[in-house]
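Written below as structure tokens is the structure these notes are about.
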Amino acid sequence: MYRHRYQFRVRYRDVDYLGVVYYSRYLEFFEAARDEMMRALGMPYSEFERNGYAMPVVEAHCVYQKSAHFDELLTIISRISAPPSARLKINYEIIRENEETVLASGYTVHAFINKAGKAVRPPHFFRQLLQARLG
Amino acid sequence: MYRHRYQFRVRYRDVDYLGVVYYSRYLEFFEAARDEMMRALGMPYSEFERNGYAMPVVEAHCVYQKSAHFDELLTIISRISAPPSARLKINYEIIRENEETVLASGYTVHAFINKAGKAVRPPHFFRQLLQARLG
Amino acid sequence: MYRHRYQFRVRYRDVDYLGVVYYSRYLEFFEAARDEMMRALGMPYSEFERNGYAMPVVEAHCVYQKSAHFDELLTIISRISAPPSARLKINYEIIRENEETVLASGYTVHAFINKAGKAVRPPHFFRQLLQARLG
Amino acid sequence: MYRHRYQFRVRYRDVDYLGVVYYSRYLEFFEAARDEMMRALGMPYSEFERNGYAMPVVEAHCVYQKSAHFDELLTIISRISAPPSARLKINYEIIRENEETVLASGYTVHAFINKAGKAVRPPHFFRQLLQARLG
């Protein structure tokens, strides 16, 4: 299993009238965590795109367990459990720094497409990078 | 089953570099559809809040099937199939006007809380409004 | 002077912890008003793009006078006072339906670029559409 | 003059179809820079609020000079030149790391209100913190 941690701070733009993070913002947080996970893997998503590929989201899910508030420092733990086949699944857990409680958890499922927008198998260079980490 | 249709237009702010709607924006679209469904039920969410209640999202799911683009006129069909118990589930389908193809579908699950943030049963006035429609 | 009215409703995603619309959202509202103004002019921005042009924002300004709240039905009055030269300026005023009070006012200034990203003069077809309205 | 630097990365959620940061997102970046400037001053905005005050934006301005793209690492230089009277003005410049070119610049003007929403003079503790830095 490949695991990556990404830390960020909740901004005023993220919170709603109840003082808690608005529900769609979690998907934006997941994206930032995913971006940093790709960078840590050695293949920033911007480079992945320059290589002629994209990894569009085909499914997203989030369970909201505890509220997150303005100015809190949160951590997203992203996990990939299986090498990508036609699809890649990434799991996310959001916790407060130095706490165990999970505030929210979810996943995204990604397809792979080439520049023409055609569905393709995950590019070889990406499968190799992931396999090196998945062991 | 209670069913509601909400029409809206995709804005530039909604689309990403691939020219398609960014994935978290669908949850914002679901919220707008939900707001208008509540209004059509006779209980706008703003009034629901003034009555001392909130309906926070505890789970959200979206499957992205076909791309939606800038300036397209889309319709969200929201559906409630069962009266709320501790939770309320709302299903959504996004289609293009005058087309059958589903671009995206998903659901949200809501809890009910009072002003103190305590989980409560759905308020009587809301159960009545829904039961009148659910038959 | 060319003047256009666009009506919309404030969503939960737009409001912050103070219960008022978050400040960057006004620029998103301006965009929606601008989109509908272009459509009313006979040249939706999507068609403008298909013709090989874009109209990027080079300056934006907003003055926040009164608060706007969740679920309010607002109107944006967009105004163009002068035909576009190298730049086009659009003014916006946000009011509540059936009220005179201005909640927020602002403007955007736009350049014109072609597909290669080069600054160009406003396309002839667009100057003609505007001149017909500006008289 | 008090000056603060804040570094961040452009996310996919921030860019539009032209591949450049959507114009309202700059105001969100300014907010993040402002949040971190307040923290560096010794008064995080969340604490400012807990002390019973808020600092709503009454005016915002942005000039977009050069494009910012997905995955770029940017720096915002925030500056306060004068102690707050009834209003506080903050200037922002966005640059690429290790480059001089300004991509965008702007300002926000803030009022001070208390818990009741009444306009007040800037709280003493905040004036003191700023004066210590402004010299």
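Every chain is named by a letter (A, B, C and D) in the order it is written, and numbering of its residues begins at 1.
Here is the rule we use: a residue touches a chain if its C-beta (ideal position, glycine included) is under 8 Å from a C-beta of that chain, and two chains touch if they have at least 3 such contacts.
Note that the structure is predicted; figures quoted are calculated from it, not measured.
Across the two interfaces under comparison, A-C and A-D, the one joined by more C-beta contacts turns out to be A-D. With every chain reduced to the mean of its CA atoms, the largest distance from chain B is reached by D. Taking shared numbers over all numbers used, the chain A to chain B interface scores over half, which places it in the same class. A rotation of 180 degrees, rounded to the nearest 5, superposes the Cα atoms of chain B on chain C. Per-chain Cα centroids separate chain A from chain D by 27 Å. Remark: chain A and chain B have CA centroids separated by 24 Å (rounded to whole angstrom).
Mean C-alpha position of chain A lies 34 Å from that of chain C. Shared interface positions of chain C, i.e. residues touching 2 or more other chains, are given as 12-13, 24, 28, 31, 70. Per the touch definition, chain B reaches chain C in the complex via residues 9, 11-13, 28, 31-32, 35, 44-46, 70-71. Contact residues of chain B toward chain D in the complex are 12-13, 15-17, 19, 22, 24, 70. The touching residues of chain A, when paired with chain B in their complex, are 18, 20, 23-25, 27-28, 31, 54, 56-65, 108.
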